[in-house]
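A, B, C and D are the chain letters, set down in written order, and residue numbers restart from 1 in every chain.
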């Protein structure tokens, strides 16, 4: 369960990224975030991940009031979230396997379990044979799949995905959406920010449209759902 | 004029990215490179940019035999090429303006000209008001536009673009394509690698399909042009 | 918890191996800083030992009249012994004085050929209690001695006494001021050097934070690294210093035999070496603590 | 071309300002390295000056029989003057000898009270030409002197001669071996430190290469940076050394007046300071050269 009350974000350079966002996403829902470049999609996701504090408003995730000025347990919050984002890159001097395993190491997962889980997720993203390769030897699309694997390997309760399919080809795009839908079926809440009209048209989930720092009307939302 | 003769590339980890590519692109042509993830699109562009040497074969660009073992003037080659690529990032501790200006500084452009050209190109990509902002304060799509501006600011003779529109929204995608077409109109050769079926369908240019390290048949090329 | 530390240790070693170059640089720089500091303390140690030996030499010499009889000498000795501040007294006969003179002249003793000891005056050397070795108190003592009969002249190394207190003062000042400056410089250098090695892993730290790593998980390997760097740096510094010390001593001792032999040159004691190693570890830990505060925010 | 350099200079300064922290660290580390090296050379300089003064003292003393007449002394002087390797001779009368003895005994000169100069023997001091100041040649000279009549004894500081050649040998060894090691260590440290400052801009270098920057365009600002770092580091080192030197001298001189005054302690000459500054620049340049070779590939 994610709740946002009157959340606004104005960056120090006076850019208003979000104005008065009110949102409730029940556990297990699949939601799209959409809007043009600069409309605040990534800002909203970063706030949910505790990377950015809203200028005003409150955010409650799974009962944690993460906007509380003395909220200190950000790492507890992050352990239940899988964030698929270009913001934090893969480590270029490590192998594919090591990059994915790091997500489990930092939460103190025992070695055997790491081995099992990393093997499984690499199989799911089609990189089972690239585990020992360096990140530098992957194509752009392959790197994107490692980022997805890293975010999902720890079976998060909540998945935040920022344009996860932008540079994937059609087949891979479908496979990755399939992977996310599997998680969804198992009860994971999913927030997916995308500008890909194909995706929005194909999947009948709720779309939260953002527009240059103000929430658009529900009317417009319906228009887009039809288009 | 770009010529590739029997170009093959096998990476040290035995992945065959390109096999026996023969290609001739006359000056001024607009060409698409397409193929699924891992099919060698970026590898081909990196070879043309002198970032990677082919395992065998010859490449001649504007009369420069860049595959010659004693070819030393890579920086001369790069000065006539604008490479839109995720491979070399923007400098995060500089402003938008500084990032774009760097491309002119390194070729010894006088300050007044730098000022004029950077101003013009930022206007073209719609970031005229963000010049003084830090790269870190840009959204993903805005950063991608800075990368485009940086590649184009020096009026290159040849543009290599690797998935330049992957994370742009529809309006921006069209504007950026418009920008590339303007350059094309002025005689610039353009090689654009993309998996975006929308683009391939919309623009009637030659498509060079790559597939997992071997050139696909012309028959298949035609199939895709129809699809 | 033990597994946590085992894993932290494992990561610290892996990081050091993976970042061999900045780590070696850090160790080298730490060891040079500590070498400088140890050279300084070694010099201070030897100098203060030298001063202590010198202090022991501060004494008063009383020359007796040449015709003083043995009984009279006995009386003078007894009266001096009773004075406040006198530790011990020693009678130097004219023969002893002659022997001393010959010894003092060394190679040039030939010029004494034909001199009879008899013409030299007998004298008494007075050792003072430590707390009476100050200018003022010595002067008072001397005025008392002068009242004793049969005394020709009283001498004391008054220049020495003044030099001595001056040097002692200087030593203390230097030790605290220079030592403090040196410590500050070392902490600055070590923390900055360690910061450079941490900076080179800023990306990794960033990613680990995003994956939900606890602050302790991120920092503890750096503390361990700092500890190890400090320990290795201190060990290297002591080894280098010992090497230098040995080379210097080995080359100089046979050459200067009988010349500096009364001033032995010491190396640190075992306890001091352990203390330096521990100090290196503390500095490394402290340096990585400061550095990680700055880098990890 | 001039514009190219002006721009390179501009970029070097901008880089240094933008990367203030690694640059200050580099300068600090360079200056500490150079400080170490300068302390070493300053000690060597003073030691070798001390040795030179000592060398001048190597001489032979000839004691004459007590009853030697003035004419006979004249003859001995003439014959000695004619010997090979003799630079100059000086007659020391018994009165001179007495004065020397009193001087040598200092505070304890009272023991000489009542001694007549007459009982001391007259002597002749011989200064040797520099090239004759070796053990073997002095021994030969002495055997010649001994054939001259009216001579009681011939003495020479043979321990001194041996010590002296030993020390001279040691000095040369130390200067070359230790100096070489120090230089290697300094180059290692400086190039590694500069490499760390360059590494922190690896991304920028990468991007500039991709934009078509020529290798010279990328490297020259780093060379300029290295040059400036070396210059500032050397300047800082000399300033620190001078401060140390002044503090030491100021505090010690009044205390040890008459004690070490025959051994003046020197600071570097103006030319040497310029040479050290130039050396710092060369080291910085060389360090950034090695570093950029490694980082820029």
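Criterion: a residue touches a chain if its C-beta (ideal position, glycine included) is under 8 Å from a C-beta of that chain, and two chains touch if they have at least 3 such contacts.
Just so you know, these numbers come straight off a predicted model, no measurement behind them.
Touching chain A and chain C at once is no chain at all.
For chain B, the chain whose average C-alpha position is most distant is C. Chain D has its Cα centroid 68 Å from the Cα centroid of chain A. Centres computed as Cα averages put chain B at a distance of 63 Å from chain D. Centre-to-centre, using mean CA coordinates, chain C is 24 Å away from chain D. Chain B has no residue in contact with two or more other chains. Residue positions of chain C in touch with at least two other chains are not found.
The touch graph of the protein chains shown is a ring with every node of degree two.
The list of touching chain pairs reads A-B, A-C, B-D, C-D. Those residues of chain D whose C-beta lies close enough to touch chain B in the complex are 3-4, 7, 18, 203-204, 206-215, 217. Those residues of chain A whose C-beta lies close enough to touch chain B in the complex are 11, 13, 15, 35-38, 42, 86, 133, 137, 139-142, 162-163, 166-172, 195, 197. Within the complex formed with chain D, the chain B residues making contact are 49, 51, 75-79, 81, 83, 88-91, 93, 102-103, 105-108, 150. Across the complex, chain D is touched by residues 21-22, 24-25, 28-29, 32-33, 36, 61, 63, 66, 97, 101, 104-105, 107-108, 110-115, 119-121, 123, 152-153, 155, 157, 159, 162-163, 166-167, 170, 173-174, 185, 188-189, 192-193, 195-196, 199-200, 251-252, 254-256, 258-259 of chain C.
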